[in-house]
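Next up: some structures, all given as structure tokens.
The same chain A turns up in both complexes below, where it pairs with chain B and then with chain C.
On to the complex of A and B.
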């Protein structure tokens, strides 16, 4: 087992190099896209200012921000500021982008974490049930549900949940992360959780099908294996086999997949946060996009790339732990 | 059947078939084991020998009751004189009937060897496994190793230990020797001989004819899913004149040291079996009767043969 820490360090460094080059590429491509887009950052800035300016003043402002410099120089300037931790100032919120991201990310993180845990657990349990009852009625029913859920768009599912649970049944609030009319600082943890439930459930419903179908497949493989046949020959029952051999062999691949699903989670959170007016990073992203807030948009783009890469890094590290066994166990 | 009361396991007219879907919805039953007769006594090693694809491993699954759900079993199994039905199989497997599978792939890749040897019924004290591993000349750390860290021989001994840690009366070893050096094979077989000496009955399923002839007490020759002849191993060692079935004789003649003479044709596939004697299409002595109807099992000179003319 002495090889594992060394292997993990290797994976960490090689993936970090990939991650840095990927982030550079993301920054360059998004910069090019924003430059090519019809958004005029000065116009957006002035709109936010709310006062009229003369053409001369405008030219001075352009000079100040360096809008007329060549794009390559602007990119490098932006990049060097970025490396110094300065993400710029949001035109929409008039606050440093870094501050907004860290604040919004905290509420998004709560939402995504809940959804992630929920989808992982629901998916894993349903996958186990499907695997155990392979091709029998429970399997067929759950499999259909999974197919339907993975083809339904998140925002639509969110609307249906809102309609049923908030409007008709009145079990959950319509939206936001706290009750209306109460200052942010006075919202209790219970109220926060209460407002979190429906968006989190929506978000988890979008992604559990994936993990469920994966778990089903893995469990079916395990149950068809020779070591399970031998376990049967030794008198182990279905449940013992699941607990003794099944979980052991499907848990880590499932966990790895779940970490690799950060991208879908983030994409889904944009939809879910908009439907539920939840003040997270996802709704900030769409607000920034719609109002042409270039610094915030670029900041969120880079941050989401970093977030997804972190998930993939964890998945890779997990594989690094089981890889020696998988490699040797495979025929 | 004078040994009736001593017989540990008796198999009578066993057939195993699989339900298959051909084209669309048309089903066919594929009979892989048909009209099989076999009996094992305590203290003996019975070799079930036959070529690959003759359904030998399924015999082990049928005895243990762990065939896949699309399999149907007909015929009678008797263990200690009582019928061996599904419920009894469930009780006995892992306790009185133990399987020794063929390779390391029958061990859970993510479970340590010691835990696998113990099985799900934890032994009352941890002492037996330690002393057993020592007796099998497994290094002390074997308990803590994962299957992929075991050498072939170590994995084999861990698999054998699973049977030794039970109070099994009947041990079924499925192809225990392929991929082993002669030395390792002799060592493995030595362990089975020791089990037989302790009064256990051992069924040794193998395609290694030499090994079956040399090592077993009795040999059952398996052909196309049935046993054509069961006889003392000494008969197989002495030569074709002592054998009863034309297939056994052909098998003997086909061995490298006995002339290496093959016979025409090939073993029929399940699903395309002849109506009468399964060996009839290749048999030099066949008559009209052999083609029309399956010969019954007859006792000849202390052995059993499924042939009208075997003597």
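On to the complex of A and C.
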């Protein structure tokens, strides 16, 4: 197969194989880690029940959960159930893990998507401004801001935003994905968006510096090229050069980087969701870790790895489009 | 830049060195203050609970009447200790994997590349939570978690550097003269890698501190009575709606300031050590 479609198909298959191997390894490693934990999941489960349990009942539960089987057998059992779509039952929420993940991921996805689009746009525009005014005042100011922002922890930024915009100015609610006291089904889209703004802005602030600095450098490369010199000689203005020559060269690399940053996005959403008590996957992950909810923790870990790998796959495909000379990775 | 060079013909390097020493001294002072402040200073009494910043308590006090400045400084010292330890372990992992990937067989290189992809495929916050859970929470889990997640980019950097160095002529000559791989490693590769490693280590350090603060904030890692910066901030969140702004803003500002200073220190050191800019 030749040309771009053929290359994309090849990248797709070679990365998919790698992705499967990575996900298998993630499942094995996370299983080993939770097995090694001194925190007893049965004990946590019984604590969650809230009733006294006789030793005999405990033994029955242990039998039912299979904790006395050898770890290798337990892993294979878990894996085969996983492949049938059964992730087990959460000890914390008393519901199937798959259900919780799909429900929570919807809220998280809304949050992450907003933050992703926002950071992409802010970062790209700022990067263009920096590239256009290279080494002049606007460039230096924005660059400084970018460097400072990359040293600010997401959760602290969230705290400060919460303090300024919710507590002092009262523009935004304190947290949660909808108003308190109203059933999930009756929350309108407008209310949801209203509750989403502050966490999304916080999350996007964490990542736009990266994309802005990257765009700046790419644009500087383009503007230093000979074809831009020629365009200038022909009498094209700065804006025309940016639109005609700049954008088409820097858009896809920027987009690639944005897709490759899914891991930071997910990690940041864990922090943002905890600060804003937003009921998404991230807050479920830390709750699962704190309460020793092993099935949920395993499910979320695996899901987050799938999420990151999907982002990397898209980034790789985009990379295949941009650069015809890219060497294909040996399978 | 060129104007600077002309107006300070010989002073630029000196100024960089002075700035580096100043930053290092400031960081050491903050660290030492955190270590040597007695526990009583951060103990406090209920009579002084929830006070805004004043001359007596520059950062105010928290709901238990503890002085927040003392607590922040102590917390920073704890965070910095964890940051140093975790980055050092991470750097050792990076050196070993980086050199092994570049100098070993193709198979080894591919496996290490795959291992890096593996670590990068789980969001770091989730992986640290998982490792902290595996170690039964507490300091040990936090240290191992942060050390296990921060070595990847430095390992890639070192691998690239070694590959580049290995193709140099003097290495080829040395090999023809019959020097062993280990001799070349110690006499030719390590002197070049050391500056890279040092700056990489220092630039990794702020990331480690930020991660430590984040994970402590979530409630993993250090026990709640420990004055770690993440724990102070997570406590402050509970009283945020009562208007206790100082307990959230000021300790966080100190954290950001320290991270910025260390970042700056790393950049300055790179300027001094990097042969490309050392002669400026």
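Please note the rule applied: the second predicted complex is superposed on the first by the 322 of 331 C-alpha atoms of A that agree within 3 Å, B and C clash if a C-alpha of one lies under 4 Å from a C-alpha of the other, contacts with A are read in each partner's own complex, and residues count from 1 in each chain.
Basically, a residue touches a chain if its C-beta (ideal position, glycine included) is under 8 Å from a C-beta of that chain, and two chains touch if they have at least 3 such contacts.
For clarity, every value in this text was computed on a predicted model and none was experimentally measured.
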Chain B versus chain C as contact partner of A:113, first or second or both or neither: neither
Partner chain(s) touched by A:270 [first = chain B, second = chain C, both, neither]: second
Chain B versus chain C as contact partner of A:162, first or second or both or neither: second
First, second, both or neither for A:245, with chain B first and chain C second: first
Which of chain B and chain C A:229 touches, first, second, both or neither: first
Touching partner for A:37 - first (chain B), second (chain C), both, neither: second
Partner touching more residues of chain A, whether chain B or chain C: C
Touching both chain C and chain B, counted on chain A across the two superposed complexes: none
Residue ranges of chain A touching chain C (in the complex, touch as defined): 18, 21-22, 25-26, 29-30, 33-34, 36-39, 147-148, 151-156, 159-160, 162-163, 167, 174, 263-264, 266-268, 270-271, 274-275, 282, 285-286, 289-290, 292, 297, 300-301, 304-305, 308-309, 312, 330
Interface residues, chain A side, partner chain B - complex: 225-227, 229-236, 240, 244-245, 248-249, 324-326, 328-329, 331
Residues of chain C touching chain A in the complex: 110, 114, 117-118, 120-127, 129-137, 206, 210, 213-214, 217-220, 233, 236-237, 240-241, 243, 245, 248-249, 252, 255-256, 259-260, 263
For the chain B and chain A complex, residues of the former touching the latter: 60-61, 64, 66, 90-91, 93-95, 98-99, 101, 103, 105-111, 119-121, 146-149, 162
